[in-house]
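Notes for the one structure printed next.
Chain nomenclature is as follows: A, B and C, assigned in order of appearance, with residue numbering initiated at 1 for each chain independently.
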């Protein structure tokens, strides 16, 4: 068990391609930190640098206080769960679980004890003598996790482990992973591109974009107070609506609340914060035509074309929408739900 | 195929039966010849077996002739030559391919191209100087001289390289995280995964080693190192003056039997090996 | 040419792994090839005591030598005949087997084994069948009024080695054509059938064009085979005769060098052959690599 410190870490590929620009991040002992971001943002590269599978061009990575830049993956006392499971196809499940321990010279009784324990936690006891090709995707993923657990490492590193599973299985495995991590209290770094997975699993969330960290914090903090336009648009589904204040001012009968900072040329409002009835406090009143309604079940996603513009605003309505497509409706952006941003820098203002 | 055309199917079978007959005929004739005496063969062309199979075989296998040892000696030499070449080629190529695929090192590309060039240098194109090199190294008339110059081959290396490239990256990464260094990974993970490829190559390379003719001719001057192919050629060369066709054919069938049996019993491996090495 | 995404960091180990192959390649391939090139520019004195540099003399002599030029055209004839016969029959049998549901495996087994027969052995088998006095085939030919004698008649000798070489190669072509035919997606031929094309039309317009990579690849392989691997056939039967009739380029290198002891000329011939193989290999890799995806 240990904390992980990433200090000034850069990754530059030959040909001067910078994948990671000077990152700093501190991961507490026992925390589950999720690195999330679009493809190519550098999250996997960062994870692999922690693991020792990629070299670190500049900066240091420390695990449990020891700088590990020069250490082989096996020496860093970490365990990794891969997206494609990476189980040894010619070995049985038991063989897969034992391999790492055997290489370290762990005594046989200890190996057996740990294998039994991991098999129990992950409920894979019936499969111990089978080969990976005889297992389903979900079972293989469990074995991959078992291989990490038996090592009793200082940290777990997860590289998009659920991406190859179907949606239902993903939901189940997510809960499993959280449960196991909580009970084992092992520091964990988890990489995913799925923002729902990120929100539900993370103790703290790190949003990355183009090799930089956009924001770090508890999931709820990132949701309620995104620090940049990127985070605002990435976290939350359906994504946040972005309005240009200049366009809003031109709408007839629109007055922007006084609390809005003057430099804010862009405002974000979450779809579930938009209301259909005039609220008590200050709000921006808009009109639009309903283009499409997606009834999702417990709620409906309504796509409204704002009058006089080409912009589609997404509104989340509880239950069924009280109107039909092609109708004109009024909707309100309450003052408290406004997220002000500076358009050029993308940063939040205030 | 899609439709049901009985006439075409009959034609297809006919073609194939004729094809098989065409292919088998020469060997059939040879096997028949094995079972008769020289006199019988001098008068007619028999199409049915006689009763001289065992005497002919014993004669060919044990009787020495001027200029060559008894056939069992040459059979022994050919077998060893083929097995050593097969094993040697596989071992050398698999570790070369491993180095090229799983390591980055200076001159890696240069090494690759040097190996690649051998594709363009079959024995027939460099016979005299290679002979001189082997002679100057004192390797004439030895198993080493028969086998080592034929052991470096690009095709096996390429096959293994291609195969290694299809092994998922994560497998090696997981092994590394599990504490396996390059040698452990090679032995514990890569080799077991390569089993079918190695088996397929064994078939192809055994045949390759077995059928060598020009090279053994060049590097052996002492009878006891002559190979089976050399023996067959020598017997056939004197056929006009001393047509002991019953013995020649016995030798010929002996010479073709081992690899043919290997191909027939390991057909799937053989086909796989052939197709993989040529891609 | 890439490595895997992650590689081992060892510095010395890869050299140890690649050393055996490199060593053997350098000692037994590269160095002799360089020697052959060097020798092709030299002439040995009659006693073999000294050599003198003669520039391109051997090459110019060769390219003007009617014997050498005859050998070239002979080799072309040989290569063309063997390639056409063995590829044609290989394709025919492959087509036939791919049509079958039952018996495909049995026929395949019965057709592929000649690959394992040594060239020398293949030569001797046909040598026996065509044997002037006792051969089965020469007997049949006599019945038809053809006096077969490959020891006197150059054309007969050429036909002999062509047949032996083609016989051996049919199985190889058959295998690859079969694999090529089976890789044509069934949906394509089914769509064509629905569009009204009969089996022959389907073959001509769909399978044959889609087979072209295989055909091209086999063409190169077959030419390579006829140029080099057929040495054993000639050595086991006609020995280049009668009277040069079967003295193909590869046999001539051996005959001039090892038997005639004309090192300079033989080396020059070797170099020319080398250049030809290089050309073939480049063509093959250029064309085939473009069509192969990993």
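Definition applied: contacts are C-beta pairs under 8 Å (C-beta built on N, C-alpha and C of every residue); 3 or more make two chains touch, one makes a residue touch a chain.
Just so we're clear, the structure is a prediction, and the values are computed from it rather than from any experiment.
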From chain B, the most remote chain by mean C-alpha position: A
Selected pair, greater C-beta contact count between B-C and A-B: B-C
Distance between the centres, which are taken as Cα means, of chain C and chain A, whole angstrom: 60
Averaged-CA centre spacing for the pair chain B and chain A, given as whole angstrom: 57
Averaged-CA centre spacing for the pair chain C and chain B, given as whole angstrom: 16
Residues of chain A touching at least two other chains: 53, 72
Interface hub residues of chain B, defined as touching at least two other chains: 173, 176
Residue list for chain C, restricted to those that touch at least two other chains: 6
Residues of chain B touching chain C in the complex: 1-3, 5, 8-9, 12-13, 15-16, 19-20, 22-27, 29-30, 33, 41-45, 47, 92-93, 95-96, 98-105, 108-109, 111-112, 114-115, 117-122, 124-130, 132-134, 148-149, 151-152, 157, 162, 164-166, 169, 172-173, 176, 181-183, 185, 207, 210-211, 213-214, 217-218, 229, 232-233, 236-237, 239-240, 243, 245, 248-249, 252, 255-256, 259-260, 262-264, 267, 270-271, 274-275, 278-279
Interfacial residue positions of chain C with respect to chain B in the complex: 1-8, 10-11, 13-15, 17-18, 20-22, 24-33, 35-36, 39, 89, 92-93, 96-97, 99-100, 103, 107-129, 131, 133-136, 139, 151, 167, 170-172, 175-176, 179, 189-190, 193, 199, 217, 221, 228, 231-232, 235-237, 239, 250, 253-254, 257-258, 263, 266-267, 270, 273-274, 277-278, 281, 292, 294
List of chain A residues in touch with chain B within their complex: 51-53, 72-74, 78-80, 82-90, 99-100, 103-104, 147, 151
Chain B - residues contacting chain A, complex: 168, 170-171, 173-180, 184, 188-189, 192-193
